[in-house]
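Both complexes shown next keep chain A, but they swap its partner, so chain B is in the first and chain C is in the second.
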Partner chain A sequence: MIRRDTLMAWPMIGFMLLFFISPLLLLLGISLRGADGGWGFGNFAAFLSDPFSRGVLTGTLALGAKVTFFVSLAALPLVMLYWHGGPRLRGLILICTLLPMLTANVVRTFAWVVILGRNGPISQSMLALGLTDRPFSLLFSEMGLIMALVQIELPLLLLPVFAVLNRADRRTLEAAETLGAGPWRAWFSAIFPQIIPAVLAGWVLVFASATTSYVTQSVIGGARLIYLPQYVYREVGVLFQWPMAAAISILLLASTGIIMLGLTMLARHERLQGHG
Partner chain B sequence: MTLNLSRRAFTLAGLSTLAAPALIRPAFAQGANVVAATFPGSWEDAYRTLLTPMVQQAGFGLTVAPALAQDQIARLMASPGQPPYDALLVSPGQSDILIQNDLIEPIDPSRLKNWDKLTPAAQSEYGPHVTIEVNGIAYNPQVVDKPAGYKALFEDPQYEYNVALIGFGSNTATMAYTEINKIYGGTYENMQPVFDLLEAYLPKVGAIATSGSNQMTMYQQGEIAVFMASTGNVAKLRELGMPCEFAHPESGSPSVPVTIHLVKGAANPDGVYAYMDAAISAAAQTRLAEAPTAMIPTNTDVPYSAVVSEFVTPEQVANAVYPDWQAINAHRAEWTETFDRLVVR
Partner chain C sequence: MADVRSRLSVVSYRAFVWVGGLAVLACMIGPILLALVMSFNAGATLAFPPQGLSLRWYRLLLDPVASEPIHTAARNSVEVALATVVLVTVITAPAAFALARVPRRFSGTVEPVLLAPLVLPSLVYALAALLALSLLGLGPSFLAVLIGHAAVFAPLMFRTVLGLAQRSDPALEEASSTLGASRARTFLRISLPAILPGIVAGAFLVFMQSLDNVSVTLFLGDPGRTMLPLRLFAMLEESLDGRVAAVSGLLILAAALLLVILQRLGGRKDTP
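Now for the complex of A and B:
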């Protein structure tokens, strides 16, 4: 029997089944089609037995991990500033975090093309400071790609953390300090555990977004840094190998999904929730 | 939380949800509308601005849908029996694939008023050629000298770190690589000479971009100064205020006709004929021959414009290199794989 208080959820569940789950099942079905018209795991086997393809898969996951790490580093000072700031500073930080999200990812990516180019501000200021003897370009390099992705994905980590900080109990900090902890220790022992679930949720978002960011990967990374989304596009749009493209998509979904599931389970762990 | 929802309210809400799709009128249901795929950028702008009123005069609406040639095929293959486009705009490389996969159909020339105005070479069984795209080398004259040809790009030190390359997904790049391969002794059956050359050149390459438009972005940003391009690319960069010149390769300029095809099972074939007729009319081609599109006309009543004449003469077009697309398509997947594995770090 359907509970009355879940009635409103059913149209959305139906919508998800129709437009999310069924295309995924279709994708899975296509991925199992072989070149000879038969069915099986041949496409998966072909992909995973090829060292080049495996390198693309691990490179994509490594990119996600690197971006998540550097986003965390970049977010730390902003989180501290937000925590210690008054309402005006908090508002300003929030606006600065949200503002880039109001522009499309494509626009932000092309802004990074200008910034990372040999005539861009990074190269030119290094030249002016005498730190380099000729202009240089960070385009088509992994460093440039990570820099762009860190800025683009940063709000995905900051926003959930800010949301938790807004309702974090400051009295726990005072209690820690009263018990003799220094400011850093008090913050990490009293406040940090409260934001860990938000940090993990942010990592899930950053990781998923960085590994699937086709536009940024292709425009900033170029053709010499190939990641799974470009690989899928090539199979679909250039080689017309749809079953292989579907298999690669399933592998991308599964590999990022496993990592995201792990992080989500970690976020729900009793001790991280502060119940341990 | 418990929701107090009456049976009547729930039924109403459910019916409304079910009825919603019927209220959204799908584009393909509009019988008088033609959905025509065109290349993004200057093609899309020009076709939308210029051809829409002409097609409307013939009694049809025109929706210009931007998509690269390979994407047009991919989308068509993705919707068997329900094509997303009525008309396509592609080059011979894609035309062969479309014919092999039974995705386009031969046209009836008697339904095109301007058919007889076309050059004989532009009268193709599967649709009219609307222009000839001449390819060669785009270069920045403020950075490098005019290249004598493809060979100079790989052998003259002044081009080192200035040349951009792209993969075999691009028609322009594919034609350039097959020509370079011939210069270095290769054939369609043996592309190893060009792959050896590219491998040796990689440390000195300016950039390996992901698409033609990506190359143009890099050119605008001063990242590169040379790339394989069509005359249309050069005209577009000039329009944007960039110093850009066109050089013909020593082995002749690889050229491709660009064709409008009628999609098999198109919702509005009559509209497609009106669209084809507009695209090959003297009025449209005269305008399209001007900057920024600078398209080479295929209508014999249209003379080469000043901007087109800066790039090519009718004699050069007549003597251009027309690659063997059947041979290219037979190997393209394998070349794409080889190129990608060669360049990935």
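Now for the complex of A and C:
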């Protein structure tokens, strides 16, 4: 029975080994291919020694960090509202979280092109309030890109936290309040520690998604703000520099991977420290 | 004094939670509503608020002559998405069903591999797949996109089916076969109904993601056959064509439909 059951899993395992794992190993191999036909870390060295390329790498990681920071800032009051809300409010918040997430990328990007544009609501309301004397566009600016990415990635942080709050123990908050803690202190000492692992898991998703969102970066960021995904695409699509593109992809993978691994280990560690 | 401070803390807390929370909620859903409103804009330029309401962009979008390239691109995308759903269902549903029944030792090693595409940047995968498939003599083509989409989106269905399969009781299957049902009958009457909601939910997720994917399609797609997201992004970059708003309206409707289906099926809606 067991043998026959595992047999049913092999088509998918085989498919993933052949079409998912081996292409990535191949990519790693090609990144080590030198321009002279030899093997080595020449592509990596070339990329890292060029100040412009290095700037693109650090810029991409910084973008991920900034988006993660502002997502966390925006998530806090909404997470607290979710915690206090009854079933109806929680349902509403969940729908408002899921709908943007399930909506196509082109819709979200289109909406932000309109919002950030010269005739968009931001520019128009600043004009109406007299804060600026002529319409302005936030398109092709890092600020605009961060605003768009925060809205797009916010659900990735919220959903894991909501899942934890659904199971969280209400008595801890009551205990804190009985012991005389004010609402701020009660929330941060009784509830917040319970969601830390979920927050770290959400950070992993937000960071990975923000650093690699090719479409949003290129449409909202424009041609002047270059991040790693566009850099990779340019090396392949325009310059046909396969080994270089492979090396940059591996760098992108490695740098986000290291940060993700660090956060995941931190999450495990927190859990070990004991709210189990 | 202490009383004033504690009142202040309560008031500031309530204000932060309710005003802040509702404001963030509005910012989160706002862009989607804005895109929807824009699709009914009567004006020729995209400005907010819209100059009057009309269905002109939807009419233009449905016009077979004026919007022929969009229709072709949409048809290509739907073909790929349907093929992806079929391929993913055929390989994933049995695998998820099987891995829910085997010892943890085996499934524990396999599951991370099967879920890995969820966290890997799809652009990096697309590049790797283009290299590998070219070596196999399979350049950018319909088949290449199909393989790429299946590899990247199979985990979505794997997870929805695995969740249900793990919760279904194997004793029911044993009871069924003890009572004389054939393997096929047991599968159709007992096992399949237990995981069917997961398959349906997974199929919708895979379909929508495939329709929306840019990176994989960009690298693996046949340059002669444009696909919907690439066409739409080209329109978005070149000119703010109102038809992008109309397509957005339809896609928002599709997302809302997907949401209703996911909630009806009661799948793992808190971890999509």
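For the reader, a short list of remarks on this structure follows.
The rule we apply is simple: the second predicted complex is superposed on the first by the 251 of 276 C-alpha atoms of A that agree within 3 Å, B and C clash if a C-alpha of one lies under 4 Å from a C-alpha of the other, contacts with A are read in each partner's own complex, and residues count from 1 in each chain.
Keep this in mind: a residue touches a chain if its C-beta (ideal position, glycine included) is under 8 Å from a C-beta of that chain, and two chains touch if they have at least 3 such contacts.
Just so it is clear, the structure is predicted and the values come from calculations on it, not from any experiment.
If you put the two complexes together on chain A, you find that chain B and chain C bump into each other. By the document's definition of touching, of the two partners only chain B reaches A:234; chain C does not. Touch criterion not met for A:64: it reaches neither chain B nor chain C. Of the two partner chains placed by superposition, only chain B is touched by A:137; chain C is not.
Once chain A of one complex is fitted onto chain A of the other, the partner contacts of A:42 are absent, as it touches neither chain B nor chain C.
Contacts of A:226 after superposition: chain B is touched, whereas chain C is not reached.
In the superposed model, A:202 makes contact with neither chain B nor chain C. A simple residue count on chain A separates chain B from chain C, and the partner touching more is C. In the superposed model, A:110 makes contact with both chain B and chain C. Residue contacts after overlaying the shared chain place A:242 against chain B and chain C alike.
Stretch 220-228 is the one among 4-12, 58-66, 148-156 or 220-228 where chain C clashes with chain B after the superposition on chain A. Touching of chain A by both chain B and chain C, each in its own complex, is seen for residues 5, 7-8, 11, 110, 113-114, 117, 119-120, 219, 236, 242. Residues 2, 5-13, 15-17, 19-24, 26-27, 30, 74-78, 80-82, 84, 93-115, 117, 119-121, 124, 151, 154-155, 159-160, 162-163, 166, 182-184, 187, 204-205, 208, 211-212, 214-215, 219, 229, 232-233, 236, 242, 245-246, 249, 252-253, 256, 260 of chain A are the ones touching chain C in the complex. Against chain A, in their complex, chain C makes its touches with residues 6, 9-10, 12-14, 16-25, 27-29, 31-32, 34-35, 38, 45-48, 90-92, 94-95, 97-99, 101-103, 106, 110, 113-114, 116-117, 119-125, 127-133, 135, 147-148, 150-151, 154, 158, 208, 211-212, 214-215, 218-219, 229, 232-233, 236-237, 240, 244-245, 247-248, 251-252, 254-256, 258-259, 262, 269-272. Looking at the complex, you find that chain A touches chain B at residues 4-5, 7-8, 11, 52, 55-56, 110, 113-114, 117-120, 137, 139-140, 218-219, 222-226, 230, 234, 236-242.
Residue ranges on chain B touching chain A, taken from their complex, read 1-3, 5, 10, 13-14, 17, 68, 70-71, 73-74, 77-78, 97, 166-169, 207-211, 214, 217-218, 221-223, 333, 336-337, 340-341, 343-345.
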